[in-house]
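Structures given as structure tokens follow.
Here come two complexes built around chain A, the first alongside chain B, the second alongside chain C.
What follows is the complex of A and B.
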């Protein structure tokens, strides 16, 4: 009886997930096996050709670019985000709320606008170049736009709040008496950090990495705007196939491939964080 | 004169506006088992943390081997703590937990370390558990590992913060004996924090009773138990009946005091004195009182309210001039009383203490 009641309570959420996640996924999966005519209209004819193209060598570079970008985004946000999260977790309550609030503040502004903001900063006639030119430090503008690194700055900037919040939670949960025990046993602050704090916050690091890696894999507007399309990533490819390429079945096949990569990352995460029940519920 | 191991000199500690330690001064001798005893919130754990260096003192000084500990970080002090929740590192196994101190201090070679870990694990009877993770151990086992992890550093003082609090009664009793043995065997100075008077009386060489951030009494368990120096210690240690009395006539060793409508003779207090006509406190151990059916001298007359049989002991409530008195007897003696009977309450002479009222502290309720 109890379980029945609980199951009934789960019905709305299941309907919700089914409508908004399940059905679209099935649709994408089905679409990836269909053909299209030259105008881009879907033809209901089963084919594996889309997957053959996904696996063809010319697209391997795209997968590698995307994985590298996602990995580096994770790494950059980790290196910058850890100290921020660590310091925040050790602040007094008021300052801590302020710090978390400021971390989340950018979400209130459209991410597209924020990406344009980076163009204004980094462009040849941008703020940084103008400043350096007027100070006489450089004579010609530094070419900072439309590079792999520019895209990396964009994705890292866009996703770093996820990393900070995930690590913050982990550091915040850390039992302070463990740190005291470490000092008490003769360890310096540095030794305590590397022997105790860092290993015990690995679940937070893994959670933050997962939360950053997955969106970084599929972001397309950042690389379109900041990378100028010079490096092709999975997100751009899918976007292009749907819009200009008029090949929705191929876009669907790439999407399925990307979902598989994401599932792989999540399964790696859940292995790292299996003891951490307050993790990402994966 | 021999230098004490640790001297606390006028320690004052504030948390914001709260004055948690007030001019605390005493010394700790090499090799003793000293207990800081007091109710929760009395400042005993804060005092321990000050010794460990985990808290700063606002004024006063702590001298270890005569050297001031001012500004010395916890990792530079040769004292180790056994924390209340053990604070074992959850990601390290027993071996790595115990080896943590020597490793971070790089004080031993691998082979020596291995031998040392073996020795301390043997000492706490946990040989063969090296590879277990903390979550695979029971409370009592974690306790032992926490002690081993501290002892391997050969501290000048081992600080223990209510280490038995989380254990069940039976295990607690067992660990009390074991801790006392361990202390004698290693010769390490133990400073032990507890709110449990039985624990303190059982294990300690000396007890420091603390209340409201102030040192109330320092002495051997026997002294503290039999000759409490003020009302707080009198009520906190041992189960006593507390009565307000007036001193009628003070003699050399005894005073005649009025308790309700009776007049009895009580030995004069050791730590202070009373004078004629003064109001005073009479405190008598419940288990040193007895009920008599016949009229006897130096007794209080009262009416039995209830008789409870609780295993080996019998608790008798007697109403003496409107005030309830509890008597604990271990075997029924001469008087087989029931509720409603008129009886005489007598006591062993050394079970009764007389305290002047001002010594009791004006703010306390009697």
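What follows is the complex of A and C.
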């Protein structure tokens, strides 16, 4: 009785989040099986057509693009971010605090501003082209905008702090005595890194990868502004279906597919990271 | 570390930070360029900032953003703190359930959550505008308040609570006179962060905005789609300065809280 009374206070909280997240997700799931008429009004008629379209060859391409983008974003941020995290973890306390601070600061700068910064840098009349033109290195502006790579630069740039912080926590927790033991036994720095440090920081890498991969799937404003819609990604597709295409059931089906991908990634992550899941509150 | 590798490390780190801040600095620099194109630097001007305040749509959407962010911060502070404090008393299983619920909004991709809420609010016939914006923003802000307040609660010396109990305090009195004063700095820090997150949100706000209630980031996004103009640079720079002010304030509270110890 006593525990029941205590637990009752928690019910409103569960109901509140359940109402705002759980039920809407059920709605999305339900809607993905409905059709719509030519005006975009939803018709209550069960259909699998939306899922057939999700799996059709045209849209498979979109899926592949998005998965490739998210995967490459993870890979690029890992390759660039690992050394940053590793070096930072080995700095003296004051410099290390500065380095972490500088890594985290962009979180508080508008993501639109950071995307826009690349438009200014990479545009045909942008800073990089101007510099190269005035130095006489090139004669006509290099076309750098509106490519797959441009979007990749944007997503990687936006998400790299997550990767660095996740790996940093992992390197920081490393038992230093293991490294010393390795050196004492005559291993070189390279051997120690590949045999001890890298395997032990895999949970951090997996965590960082997850934190980068998931948002990279849906950042439609980055691919919109930097990719210019030349390559279509899942996020853009869902967004256009909702805002312009007026085909919400199809957008719902794509959202369900996206959530499934995310669940898959998270379950892979929890398998890799096992018990060592600090800091990623999953 | 040998000297050679440490010099390389320093170089790599510096290069990384230069690239990390290059886009941001470019935006700031070109907000002062007299020429409307980034192709040339024709002199220093404040004109683009002046133009901003004459733009009705920008001023209006700024107002919407501020109102929504303030309401979101207050709502998230109340809900997040309540969840964290209530978690102290419930059974272990219920606590796990609350934690699970708190993670949920952060796990679902933002765009999917935005569309889910769009469909849901549509079915409820809720008018899109301030209300839907605040409800949806608080969804991704409450978990942060919850986590920050909970971290602080863990630090509280249990013996203080026990002595309050021994002196005959009821649970509610204990919450009001002992717990809340102790966690107030965390609540303020967390709600300032909620304020900042709400002010920056693009994805969910795209679906939650009403016909006349567009938030500033949603409007900026539509401006950026048209192309590069120094007006956008100036606007972004101003927002960044405002954001740093808010984050600075929250750090200030965080530090005083730490100095007080406990």
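Just so we're on the same page, the second predicted complex is superposed on the first by the 259 of 282 C-alpha atoms of A that agree within 3 Å, B and C clash if a C-alpha of one lies under 4 Å from a C-alpha of the other, contacts with A are read in each partner's own complex, and residues count from 1 in each chain.
The working rule: a residue touches a chain if its C-beta (ideal position, glycine included) is under 8 Å from a C-beta of that chain, and two chains touch if they have at least 3 such contacts.
Predicted model only: the values in this text are computed from it and were never measured.
Of the two partner chains, neither chain B nor chain C is touched by A:272.
Of the two partner chains, neither chain B nor chain C is touched by A:75. When the two complexes are overlaid on their common chain A, residue A:142 makes contact with neither chain B nor chain C.
Residue contacts after overlaying the shared chain place A:187 against chain B, while chain C stays out of touching range. Look at A:34: by the touch rule set out above, it reaches neither chain B nor chain C. By the touch criterion defined above, A:251 reaches chain C but does not reach chain B. In the superposition on chain A, A:232 makes contact with neither chain B nor chain C. Comparing chain C and chain B on the residues of chain A they touch gives the larger count to C.
Once the two complexes are overlaid on the shared chain, A:175 sits against chain B while remaining clear of chain C.
Residues 175, 177-178, 180-188, 191, 195-196, 199-200 of chain A are the ones touching chain B in the complex. Touching chain A in their complex are the following residues of chain C: 1, 5, 9, 12-13, 16-17, 20-24, 26-27, 30, 37-40, 79, 82-83, 86-87, 89-91, 94, 97-98, 101-113, 115-120, 123, 135-136, 139, 142, 147, 196, 200, 202-203, 206-207, 217, 220-221, 224-225, 228, 232-233, 236-237, 239-240, 243-244, 247. By the touch rule above, chain B contacts chain A in their complex via residues 52-54, 73-75, 80-81, 83-85, 87-91, 100-101, 104-105, 149-150, 153. Every residue of chain A that touches chain C in the complex is listed here, in rising order: 3, 6-7, 9-10, 13-14, 16-18, 20-25, 27-28, 31, 80, 83-84, 87-88, 90, 99, 102-103, 106, 108-121, 123, 125-127, 130, 157, 160, 189, 214-215, 217-221, 224-225, 235, 238-239, 242-243, 248, 251-252, 255, 258-259, 262, 266, 281-282.
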